[in-house]
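Starting off with a structure, shown below.
We call the chains A, B, C and D, going by the order they appear; numbering starts again at 1 in every chain.
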Amino acid sequence: MIVVMRPGSTQADVEHVVQLVKDFGLTDHVIVGTDRTVVAAIGDKRNVDKSAFEAYAAVEKIVPILAPYKVASKEVKSEPSLVPIDKNATNVIGGKKIGVIAGPCSVESKEQLLEIAHAVKEAGAIGLRGGAFKPRTNPYSFQGLGEKGLELLAEAREATGLAVVTEVMSIDQVDLVCKYADVLQIGTRNMHNFNLLQACGRTDKPVLLKRGWSATLDEFLLAAEYIINEGNQNVILCERGIRSSEEYVRNTLALSIVPAIKRESHLPILIDPSQGTGHAYMVPAMSKASVACGADGLLVEVHHDPEHAMTDGAQSVTPATFKQMMEDLKPIAAAVGREA
Amino acid sequence: MIVVMRPGSTQADVEHVVQLVKDFGLTDHVIVGTDRTVVAAIGDKRNVDKSAFEAYAAVEKIVPILAPYKVASKEVKSEPSLVPIDKNATNVIGGKKIGVIAGPCSVESKEQLLEIAHAVKEAGAIGLRGGAFKPRTNPYSFQGLGEKGLELLAEAREATGLAVVTEVMSIDQVDLVCKYADVLQIGTRNMHNFNLLQACGRTDKPVLLKRGWSATLDEFLLAAEYIINEGNQNVILCERGIRSSEEYVRNTLALSIVPAIKRESHLPILIDPSQGTGHAYMVPAMSKASVACGADGLLVEVHHDPEHAMTDGAQSVTPATFKQMMEDLKPIAAAVGREA
Amino acid sequence: MIVVMRPGSTQADVEHVVQLVKDFGLTDHVIVGTDRTVVAAIGDKRNVDKSAFEAYAAVEKIVPILAPYKVASKEVKSEPSLVPIDKNATNVIGGKKIGVIAGPCSVESKEQLLEIAHAVKEAGAIGLRGGAFKPRTNPYSFQGLGEKGLELLAEAREATGLAVVTEVMSIDQVDLVCKYADVLQIGTRNMHNFNLLQACGRTDKPVLLKRGWSATLDEFLLAAEYIINEGNQNVILCERGIRSSEEYVRNTLALSIVPAIKRESHLPILIDPSQGTGHAYMVPAMSKASVACGADGLLVEVHHDPEHAMTDGAQSVTPATFKQMMEDLKPIAAAVGREA
Amino acid sequence: MIVVMRPGSTQADVEHVVQLVKDFGLTDHVIVGTDRTVVAAIGDKRNVDKSAFEAYAAVEKIVPILAPYKVASKEVKSEPSLVPIDKNATNVIGGKKIGVIAGPCSVESKEQLLEIAHAVKEAGAIGLRGGAFKPRTNPYSFQGLGEKGLELLAEAREATGLAVVTEVMSIDQVDLVCKYADVLQIGTRNMHNFNLLQACGRTDKPVLLKRGWSATLDEFLLAAEYIINEGNQNVILCERGIRSSEEYVRNTLALSIVPAIKRESHLPILIDPSQGTGHAYMVPAMSKASVACGADGLLVEVHHDPEHAMTDGAQSVTPATFKQMMEDLKPIAAAVGREA
């Protein structure tokens, strides 16, 4: 950490800061520049609240040097993590094969789910997404079928062999969802729900962690560490668009996070082009872009009758579009040394 | 809701949309404009996923007409709500008096808490804030004293008469926190944690609901409705800054939400100038601005030794600064017909 | 345009709004819904300030129906525009071939420019970028070589056959830059500089228009219309990243604008992955993503010695990286029916 | 500047960076920490492109220590600048008196302008705002009366004694606008138009500089330096709202910039609550907040018939509202040691 002193700081000010550095159990190193004095504080103290230095009036700002994340970083584990998404580890996320998880936003009925599940399986998906517990901004909206939805997902797995990926919204749902799901999804609204992260970290299920609406890269990886620190190494990251000032999309899909994650972390990352744009017509183009820039897979909303979908109809592609898109992804995956 | 058709839409397209409107149990009303045809869908169906219309290719966009919130709105209750913050309703938020809740970011020790509690009480605060369970972005940071912290808060209430406001992070903490707290605080990271909102809505404690980092006004009021719909009318809103591209603050304090809330809702609103800026030196100025634009109160971080605070030292004011600030608020409150 | 009345509006309020609609030369159409009355105002009046309706207290909001842009839209011209970038129209942007324009951020010297120009030409670029007039946030930074830089660019064109693309910052530079350049570049800081847009619109040079830091899609296309309306049809759009709350990039590259532009406009669009990320290491990945999602080309910063570049070293790739990247783009272009 | 090396950097990497530091004419200072090595580069070289260091692969990031601005900073001039806004310096911005500049968004006609000018003068304004050249996003919108508008503004000055504040959009308008105006306004769209900044810096008129839509504090002050460096010390800053993800306002008024500017710079700062919110109903509340947090004045849109205003009707207050607001500001100004 670097402590930058304000212009005009006195020797006493610098000594005060040096003492604070020592109070924190760190080693000080003073550098007198032409316009500013800075105090470097040496030592690895990730648990210290460094902002406290800024409480001293002669301090202009604190500049952290170390990235705050650790076990999610490449410094700790340099080779990419492969995360199995089903019991037998038939399929993994993070390997050569682009892993596509597809399905309806919400589980609505047996007929709906099976029709879509068969379609996405046939088109090449390895996982089935579908919400049984739905986090809805609007309390008056459809909230999901609950356990009934989980049962239908398990049935669809039986019928298709697809791994089941479904959201868990609350710590009291973790056991129940674990009973049915292959992968626990933590939604964007819960990325900062640390108790839920920890609860999922104590299960033996892989966790698909979606980035918060305005989460920084640091926060995203630290959320992953909350899970990993409980003993669960199987974390799959997922970018799904951020809040911005753009008006023509529901969210701004921040694809540059893919090369950033690949540089900083060993964890695999998926892209959700459905949530990430809000428009079905953009999904094929942005899926191609995702694969082209190095994403390990996709999370795609598919519905056989989007106009009557109970949730997210506007951003759900039809099975026919999905099938074509999966075909179109093949040469792109090949172009970046992957398989789709 | 208004359905805007794309240019070049055919009569058949319009009829298709009219049928969809009917499928949704709404009444259609077609308007043929000079450049666009629009279909108005009449009827109050807040539970319908209107985005589904956009799945039809000839539809350009859907424009909602109704605000999505209801029980938090002035349409349902036009007079301002007064929310009591202690058992005997000695103090309320939302009335003539500006309600100031102050205290340390985290409860660190008995000495620390009592010293600060006495200081803020003397300066005019009506509530004591202090975190026992701390939602920390960084898993390696201090996570709060837990129940021990709650006990200390209760002790401080005994000693000072201040109402205790403290955060509840998870549904499994609700009962415990209710045992000690007067007001349940839901933090910015949990504004979209609907299960937690509902769990707090089933208690008899008032709830201080902080706005999410990038929550819209609609989402903020809908989060309040999750609480109210469980039977708990006592919701206090709190603006605490949003994520933006600004670099000189930790968050951008969006004070314009105060007149917006006053226009749309009967719920009281506090401002947190500490979280809302990230800098202690800005807190007095932004507190004055908050009162001047109509906020019902403040939530302020105060620490007697910010340089050694375990959390949020950079944005904590000292008791002396707080006392001066409380004095300075008086004429401003008077200028807007309030008391401080 | 739809005028949404506030709840509780009276018949007199509605009549007042109807009169306003007539004052504006539009036709009114009143729809009484279950919760709200709305007044549709029919007629194509793009020149009217519709926000004025919101000045009436009983009006809740105005919802525009028509997109504000016209000549840039597909409604006016449905086939894609091909924009020639050199005198003989040897190369165009917007056709089957992915058009790559590459070169240094700033023209620094003859040796620098020629070395880079030859390298990018050989790797497959069709245009040479290089700033002679540099818009620098910091007045103390290098401001470009001015006319000397333009002369060097013209020399490089002679030597390589590459079309010269260079920025014009001010109306008094337009004639001078036209003397040397093949394509006039308008930078992100000037997207809203309407006088400059118009001045460029009165030349016979194609214009490469970069999106403003926080410009909406509507604003972007309207800026293009400022150029087109002066008689210059040859506008090339360029996305270069927006300001957001992300911290790991210099800008957030908003690639979803590619399918959006392709849906709304006939104008071609390039992507600038250098400015759009701020990091050289991200440029190859994001270039691939750009081509994969349908962009018509790229604008790439290349420097043979980035560590000593006078501007933008951090985001400039070396000629070797550029060459490899151009190779890697070929199968991706082929996968989306293009050529690179 | 601090150069942070990536983990795993070798001694040779560090030596390479040390050499780069020397190449830049700076002095190096290497600090070996527990997890990272950093190289401090000492010396005041504001004109160097430090990002170039990041081009070296073993460099993780560059951390600037010095603020980039200089002559606008308090380091150079510690007492607040008083900026006269008329020829005889009858009125200044930055002194004890809150300076309010008010008037219509656009000059529409003599009757309109005089009616409003008299009204705002009577209510206590010291300057008259009014656009003659209007930067309109939409090329089909009303573009202002041009010189005719300037003549009317001069007439209104004769009639009322108010200083005339009006926008200059382009370097070729500077002489003309100087002929009529007392203060040159540079709009938000032109904050990064460095040629215009410099042209205004070469006049003897004070300049009211509005913050760009997504400008950082650094960029805002550097834009002021472009003006000051040409010899014109009389710069008035103006915050007018930033682009964000908020939906209930046209812009997010970032009032925390007031204490930040007061800490960093000697320049006065006004707030524009009209542009800064987009809603007339918010203007009185946000004007009070502006004065309460230390702003030196306001820029307010006033129209006697907002429903028929040619521009910005939605955010223009009536003369009656303005008068009341000016009264209401008095006790708030007094509370912060000012006069209104």
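The rule we apply is simple: a residue touches a chain if its C-beta (ideal position, glycine included) is under 8 Å from a C-beta of that chain, and two chains touch if they have at least 3 such contacts.
In this text, all values refer to a predicted model and were calculated from it rather than measured experimentally.
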Pieces of the assembly after leaving out chain C, positions unchanged: one piece
Most widely separated chain from chain B, with each centre as the mean of CA atoms: C
Between chain C and chain D, centroid-to-centroid distance (C-alpha), Å: 26
Rounded Å distance between chain A and chain C, as computed from the means of their C-alpha atoms: 30
Chain B and chain C, separation of their C-alpha mean positions in angstrom: 38
Sites on chain D at which at least two other chains make contact: 214, 218, 243-245
Contacting residues of chain D [partner chain A, same complex]: 2, 4, 7-8, 29, 31, 33-36, 38, 40, 42-44, 63, 65-66, 75, 214, 243-245
Interfacial residue positions of chain B with respect to chain A in the complex: 20, 23, 46-47, 49, 51-57, 62, 68, 70, 135-142, 169-173, 189-190, 192-196, 212-214, 218-219, 222, 225-226, 229, 243, 278-281, 303, 306-316
Chain B to chain D touching residues, read off their complex: 214, 216-218, 242-249, 252-260, 263, 276-277, 281-282, 285-286, 288-294, 328, 331-332, 334-336
